[in-house]
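Consider the two complexes below, in which chain A is the common component and chain B and chain C are the respective partners.
Right, the complex of A and B next:
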């Protein structure tokens, strides 16, 4: 088990190297980081200082190598577009804001997706099943920005017109320390609902498919033939098996949520990782972009490893050697 | 038959509604199983043998259309509520399924799955006692080192061991009726005989009657007291085992006999398969369902024959217009078949 984890961690190193190199090169060649200086009408000395500071006179592989050396020592460098703040601090600060949405959203998603998926599989072709399937199609086909904007229009404008107040904030993040408990809740609701709809829609379909496969299997028939109550048959024998394929999907979705939802955060003006990444890309801020990318890559790697280990817990047929 | 039947099925029909029409899986079958006997139900795939067993167990999906009556130990099973039926399932009527590789839940130990079945019907039995019983059952069905193996997961068992575990599970509550749906079909030939031995032993230990569903005539000859042959969802012939093998009065049964190899047969003799394929359960042929494949078919066969008693006792029944007229059977002993 320990050897397995060690091997898995080691095998991700080349993956991370290739990934970061690709992102580094593509970001570096996708624009001129000095273009903004030109607009400011600064002298040659300032140019030279910036070029010197960010090694802009060196070829990309060499710049990547020096970035890698400092990054490996825990120094992600300063972020020029954010007033020279340390990239690591910026990413950590924003990651906490993203987690404020990601963690509750994930818990609600996991719970509702399993419930909806199991119900619609057990009651296949019932009205409830059609409703859940229809809901999934809607959630999958409705782009995030459309649904987020609809929520904003509904609660920000229509609801206000009808009732004279807004139950939820449609923009920005409020915390308990800055505004108090109720505003904190009010500001979190709409972005969480937006994340919930999109991911629950796809996860509940996965859960339905997994559960359908399981409840038509021979061992479910065996369980029924034993005279077990329906509840035991479905929840013990069925769900336990149907959760196994879901674990991977959970891991990927949770890692993506923690990595920041670019569109949702942008619509709701949420100071999270997604918007930080966007800022890094738009402002040619290589250190910042790399900082966020490495963070997201690390999340994906870690959660995939967790998923693989959970597999072994849920399915006794899987052994780690 | 003097003894009161344990299971008494009357005019049972099972249909499934599909987009292509009503699938008639079973059409008007009636039969009895008396306590302690072994009744073999024989037929090709799709002849309705498994469906009738599933109907007795009430394991068919809710969209199945079931008519007729199934009386078990004085109770009409089709009239019982789901909760009442559950008390019988795995308790008084138990089932062994065809494929042991998939019939056990892969994520629970054998102990867990055995104990669960024992305690659901005997809630007062402690976990410890149920576990001891599970170990005893595994010993009975011939699992070596049962005390250790009981904590294994199904994937740690071989196919034969899994089927033994399935049998242990089925007899855990000493059922009065054991339904075995092709219990040896998915196993290696070398293991089949052992598992069959275990089934017999389990049956003796519990005194259960057995309904053995199979298409393996060698198996039938070895264990069955009586045989009923099914074709196209209908009962074609029923009699004691010897009569079926040596004095069959039905062209379909005879067709089955001549299509199995025997050790005694001349090596240059060809097997005679039944030509054609079993009828579609949606569009069945007019008249006798076996008519299109029957070597003895005549014009009368466009009229469906009834299942009629033959001889004095009436225990031998055959569905054929020419049941009495068929020539004597050339003896072709399937018990001596080569593996």
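Right, the complex of A and C next:
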């Protein structure tokens, strides 16, 4: 097991190097930080400052190498679009804010996706199955920005018109330390529901398909023939195998949730990684963009590794050699 | 492997607990959010219409009628820092925030005129040495740290601006902006300064008509000693770990990047200069502070206002206002004509547009009225002329305004006048109805703007449709966001073409550009868009006579004579009245600056927004929270 983990970690290093080089290169050539100076009638000093900040007088591979050496030592450089704050500190602070949404959202998503998927499969072609299928297609086809804004309108405006109070905040992050427990909950609910709908919709479909395949397999039929209770057959023997494909999806979804839900954070003014990434891209802040991208890439690698290890837990036939 | 069911439940319980902990226990840093009063039941809405409102007399007890609350402003852009000379900066939002904290000798009224702010009296007179300017600041002016604001602060501000500048070569300087010359500071004789208490004076060799815009804003030089210190302190508005002191009604408190910024009331504020016709409150601000929340999405901003979580918003594009807010009695949409003017700029080095007859043909063919009727009149009614703007030096709400393009017959879709011009230039209508030249081909021109700006995109689409009917084919060539400028009209190779008269660089980067310039009470600030050697002139217009005339206009002391002179300059570039090879710009309209505020949370809003990039909190003293 240890050797497997070590080998997997080592193989991710060249993957990260290639990935970061591609992102660095594409980001570097996608915009010219000097271009905006042309319309400002500035002195040469302004140009020199920007050139020095981004090493623009060097070729891209050399710039990437400089960045990589610094990043490997934990120094991702200052972020000009964020007042020169250190990129690493910024990413870490925002990651904590994003985790406030991502962790509870993921737990709710995992629970509901499995429940809906299993029920839908076990009760195939029942009213419940049609309902869950309809819900899933609605969630998949409804863009996040539409659903998020609809929630804001519903709970922020219509709900008040009908009942005279607003149960949730439509914008901003509130913490226990700054506002208290109830406002904290009120500010978290709508963005979590937004994340929940979109991801649960697709995951429940995966779960349903996997469960259908499993419950129609021979060993399940055998288990039933042996007289095992239906509940035990489904939950102990069926669900465990049906979870394997979903674990892969969970790994990716959770990593991406922790990496920041760009649209959800933008709509709900949530100070997370997604908005930070947007700021880096739109303001051509190379250090910031790279910092967030590397963080997300690392999360994807780590959670994929965890998923691979979980396969062995769920299916004893899988051995790590 | 999880074999024991108990372990499974423990795992679920632990995960649940972890989720609650992650949700509940944030760091204890200051998270800047709207306060909890947002969920209160609203009071009876005020239905005052800002445009119908008459100016109330100045009052010291203005605030007594209302309650006390923080003003929550939700805005789409967050400035990278608060240093206006930083090329990374987003100038508008940084300027708007600073307006509430630092004052200047003169401010700008809603009618885009200079009004005294810190200056109590001025004396400008001609002497044997040139022109002598003497100003006296108000006696009670004071910084929020208790330091009196004196003429020494004005002199210190001048010293910071000019530090390192070489008068002989015209180069150097610690500040990044190369705008000293354009703003006229280089005209001031550095040895002529005299400072005494609240009075300061200096000399220029020639009169400079933009003098009221000098030293804006006055900096706290008792703490910021030189340019290096200014460049270090201003971006984060902090010196020695403390916020910079204010001379305005608000004091900087904190900035949680990516979330918001908090300003608090300056209780020692000396009050707005009551010569300002736009302000009613003579004392300190009624609101306890300003919470600025940065929300990128326009619909989300509007939702926050509708949900009562914010008090004011100032969205782009403004068309969104009309759909959801302008008709709701719970909100007031406040607007002024403003100094920002949209235009179509013509690349005179384009093979079609190099012929002035073609340019004039397009000017005749273009009908600005459909644009006004579709995008502006429904929201602003008669705030703007129905035929749009016809002058690039004076705006329609300024007394000296003359509609030069209107007088020339441009901008109303006069196809009959356009046709002979196109024919004279060698064009004939082809089977598709488009003008076609035997050598240059069809009159197809690319028009580009900042993609994603809904208002501008609609503007182009309307004019594209309208010009198609008159035989001019328009292809849309937008580039998303501000990148448009660097990739099209201000691309280095395009500017090289413009400055070299088409001899060098690449003259095919763009054909027609649509964006806005910002005017102001002193029109001379706009010369740079048309001067022969200016990097801010993308159109390629070059005329030595115009350049000399620009200097001449700036030095005319008589106001009426000067106004006429600027009107002459406008005709050079908007018509062929003076320069037959002129007409390089088709002004479309002033873009009204405006914002919406909640009548539920506020009894009164400040109704003079953005006169000169001032923003919605420039008169924050007038915001009166509901009781």
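Here is the rule we go by: the second predicted complex is superposed on the first by the 309 of 321 C-alpha atoms of A that agree within 3 Å, B and C clash if a C-alpha of one lies under 4 Å from a C-alpha of the other, contacts with A are read in each partner's own complex, and residues count from 1 in each chain.
Definition applied: a residue touches a chain if its C-beta (ideal position, glycine included) is under 8 Å from a C-beta of that chain, and two chains touch if they have at least 3 such contacts.
Quick caveat: nothing in here was measured; it's all calculated off a predicted structure.
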item: Combined model on chain A: chain C and chain B, fit or clash; value: fit
item: Partner chain(s) touched by A:316 [first = chain B, second = chain C, both, neither]; value: both
item: First, second, both or neither for A:283, with chain B first and chain C second; value: second
item: Which superposed partner A:107 touches (first chain B, second chain C, both, neither); value: second
item: First (chain B), second (chain C), both or neither touched by A:161; value: neither
item: First (chain B), second (chain C), both or neither touched by A:222; value: first
item: Per-residue contact with chain A, leading partner among chain C and chain B; value: C
item: For chain A as apex, the angle formed with chain B and chain C - C-alpha centres, to the nearest 10 degrees; value: 150
item: Overlay on chain A, chain C to chain B nearest C-alpha distance, Å; value: 10
item: Chain A residues contacted in one complex by chain B, in the other by chain C; value: 314, 316
item: Touching residues on chain A, where the partner in the complex is chain C; value: 31-32, 35-43, 45-46, 49-50, 80-85, 90, 93-94, 96-97, 99-100, 103-104, 107, 145, 148-149, 152-153, 156-157, 160, 164-166, 169-179, 181, 183-185, 187-188, 266-269, 271, 275-276, 278-279, 282-283, 312-314, 316
item: Contact set on chain A toward chain B in their complex; value: 217-219, 221-230, 232, 237, 240-241, 244, 314-317
item: Partner chain A, residues of chain B touching it in the complex; value: 57, 59, 82, 86-91, 94-95, 97, 99, 102-108, 116-117, 120-121, 153, 155, 166, 169
item: Chain A-touching residues of chain C, taken from the complex the two chains share; value: 1-2, 15-16, 18-20, 22-28, 30-31, 33-34, 36, 38-39, 41, 74, 78, 80-81, 87-88, 171, 173, 175-179, 182, 235-236, 255-260, 293-297, 299-300, 303-304, 306-310, 481-483, 485-487, 490-492, 495, 528, 534-536
